[in-house]
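Both complexes shown next keep chain A, but they swap its partner, so chain B is in the first and chain C is in the second.
Here is the complex of A and B:
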């Protein structure tokens, strides 16, 4: 039913080509439209500061005293860079386009996947496989053809951050919609060095957080002032795959758009703004959303800049040079910039097993020696509840015993109680296989098991399944859910 | 939930956000007050082994919606206070 891999590749590349052509077409049309508008305003209404249609289009926000005509002009003249076109960047981009922000810059090296669609609302089924920036540009074009869009089909990294932030366009504001802590620190550092305000948000599980950094430029705290201790590799806080509810990340992206509009409008010439902005002493705040079990917003008060901050404090150790040479901590932070490198803790030949050999050995073998097989699935309970390896073969014959022992419950103090084999019943020979989602945790489990089992009279095989249940879904059973 | 009235009156509320909640398995709970802020992380480490290294060291802490320095020797969490542990962004 589903297309073959080569057909899929062809479809993806055609979609990509389509996106590029559409983008070129949009740019050509926008250039033409701008010329028209320009000509028209010179010929007929030289005194109108906005195109005539804009007065109607943006009337509902023009009516807000805090925006008014000066605010709308500020939005039209504004250039906003959005870093990351995922769950945060999608709604933020759409609302800024809707509000009439003149130029939007979009940077993201990822392509749209089906599993993105539950929360990344700028994308759609027919754009799966396209670069997210192209997909988002198409969404913007459909919503507001007057917005100029520039795209970068690459991830933000130490090599391009200063160029994109400073040299290629004069951004008024940057939105941090990324999903990796090291990119957040990198973006914040570069924003301080290039004098940009950052509207930063993040979301995980049922929670979200939002704060405006380096605002006013050179005065407000930066990301490092708020979180001076950079997460390291292995930190669950930074790298956990905790899951996320679409509307939770969506609301945080929408809040980013609110803050972005406020920052842009606040920079409109003051004497023209009809209602005086209150000149209270600047407070730095972070908005927290917790949506389960009770939906609650909190606003917490931050401190200002940190004197000891390495990028905006008194002794600066992070500079343009340290960023450009990459000789900084981004490499270490939470396992470095995003990559798909797997853990290699075990010997792939003697301590691990691939899914095809595993299937052969456990489910298909007609061995005369009866072996007891225990599969220990170390994924969280919720994931085990989604799908698990079979215990029977195709003839419904029991071939394995299965237990779910999440990593934090894997206890090796003494003979583990979670192993479904009575202490005196290692014989007939028992083999233990550890499996997880992708084959990282399972290696840690095997390592621990081997160390602990030296004290037991255990002489069976202990291996972990390479690639985890994902590999099973990919290589053995095409009806197996991949989540 | 099972706290008695007297225990509640001698406790403070602590909120765990995002990845920290993944570690504790709960979003909020009550802990005995008073507690010097300098002892907060050690107290949580006793309850959730490994949490300090994996989640707390990088997180920011607020008491009654104010950012606090967890090395502030003068600060003691009082009964009825609301403490929040907020990790840097990740998703």
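Here is the complex of A and C:
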């Protein structure tokens, strides 16, 4: 038996409180540890540049000529801000903590959900419901208690970005582990304005991309230089729609940690580090991972900084002021904010149907007039293979015909061949219902169907199911899989 | 008048879904019939007209490469090579990558 919603809320809030207390406790302990270390270093003379235990703890990376003692000191003194504690942020945070980066800042307004755990490996089952930043802070504390962690339980936005990036801490480096273009543009813009290098990565399905932006500060291209055209609203595919393999996004997060360590170590005093690599003319690159069908990495050469870039180019139109004021306009221009809001294309009363009415009408009614019901499921084939609406009622009586026609195959040139009803067989009355995952695509389908069916001898009802199969799982059948 | 060229065509970042889910293949692009130059501008339109299956808007808008797609010629941004005016040679690698946002 699962707990009731109010009990769940109570559990979530208690977990939250627990996380906060644990965080306070960790901070107190860290402060105490730092004082001890300080005392220790007064006793032992001459003082060692690193705490004694660090020499053993980090010995395997100290051995690398490109790191050495100066590199490890640089890591210990470094402050890195990680924006987003999801599939990228999880491994990046853990590896940077493992490497001994002194201070990690974590910002994310999301809480841990069960569907995160297949890829967001900093979190765990017993921390579902906690803020991701608290969950990640607990993971860091378990891995390396010497790392100082600061958390922000909020999403990065126009109102806080400049404060978090520059006023609250002096970050040496920022990691873009976010999952929406508007936040990626915002973070990159603010990083240019505050003089921070950004290690940026992204992933979807089997593919990943990685670039180090604004590096060196003021010289390297920014996110806008690489992707000057902001995507249109509605064209962005996220992990929730497109899918993502855990290790793919994991690899990208690990690569971010590699690039972050390189940037931090490269800023260590030069002469003490083994021969720096000869400085050739700086090239800017993007690393692409493509893991299916053949696993391959490639590094491609980018254009570099654009003179026409509105934030780092010659004619700057994006400034601190445009970010802080006019934030709405700014966000719209970056492809809008991540939103869960549904499309409102159809009239909810005359052109749509809610799941309960649909169930009543199609499966339960004992209407005398026999109607033919065709349900067109517009989800991708793979999703249709996971779960679908029934065609029979509880007495195993056939009540509907079902076809799966993914959106890209839904074509209306002439009478659609995918409709299982021959043209001369509209009678008995045929009704067509479109259904998708959440009720957005199905509205588009109805719109197109209505447009095209004017030329046919079709006089049945055509509607789409509000909330899609998710609503069916929520409101009709509690054994229906929600994915 | 241009001759046909044989190039390696690659798609990444989800673009392969409108190209029959084939990520990499060798393709011979015929010379333009109107005697014009076989340049990247022509290649983009040729791919959209002949190889693309599905939503054309995912690849081109008004026959131009869609914003948010990075075009790489032999692993370098095509803007370094002359963009639409670059004339591909036999053996060139043409890679089309769309932006990924997930994380």
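Following the convention adopted for this analysis, the second predicted complex is superposed on the first by the 465 of 483 C-alpha atoms of A that agree within 3 Å, B and C clash if a C-alpha of one lies under 4 Å from a C-alpha of the other, contacts with A are read in each partner's own complex, and residues count from 1 in each chain.
Just so it is clear, contacts are C-beta pairs under 8 Å (C-beta built on N, C-alpha and C of every residue); 3 or more make two chains touch, one makes a residue touch a chain.
Just so it is clear, the structure is predicted and the values come from calculations on it, not from any experiment.
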Exercise. Does the chain A-based superposition show chain B and chain C clashing or fitting?
Worked result: clash
For this session: Could you look at A:115 and tell me whether it touches chain B, chain C, both or neither (first, second, both, neither)?
Result: neither
Exercise. For A:317, is the partner it touches chain B (first), chain C (second), both, or none of the two (neither)?
Worked result: neither
For this session: Based on the superposed arrangement, let me know which partner A:325 touches: chain B (first), chain C (second), both, or neither?
Result: neither
Exercise. Touch check for A:288: first (chain B), second (chain C), both, or neither?
Worked result: both
Exercise. Is A:177 in contact with chain B, with chain C, with both, or with neither (first, second, both, neither)?
Worked result: second
Exercise. For A:302, is the partner it touches chain B (first), chain C (second), both, or none of the two (neither)?
Worked result: both
For this session: Considering only the touch criterion stated at the top, classify A:59 as touching first (chain B), second (chain C), both, or neither.
Result: neither
For this session: For A:89, select first, second, both or neither according to whether it touches chain B, chain C, the two together, or no partner.
Result: second
Seminar exercise, completed: Dual-contact residues of chain A, meaning touching chain B and chain C, are 87, 176, 179-181, 184, 201-205, 207, 209, 226-227, 229-231, 235-239, 242, 244, 249, 286, 288, 290, 292-293, 298-303
Exercise. Can you name the residues of chain C that touch chain A in the complex?
Worked result: 12-14, 18, 23-24, 54-55, 67-68, 70, 72, 75-77, 79-80, 95, 97, 99-103
Exercise. Given the complex with chain B, which residues does chain A contribute to the contact?
Worked result: 87, 176, 179-181, 184, 200-207, 209, 223, 226-227, 229-231, 234-240, 242, 244, 249, 286, 288, 290, 292-293, 298-303
Problem set entry | Residue ranges of chain A touching chain C (in the complex, touch as defined) | 84, 86-89, 176-181, 184, 201-205, 207-209, 226-231, 235-239, 242, 244, 249, 252, 286, 288, 290, 292-294, 298-303, 408
Problem set entry | Of all residues in chain B, those that touch chain A in their complex | 15, 17-23, 27, 53-55, 57-60, 62, 65-67, 84, 86-91
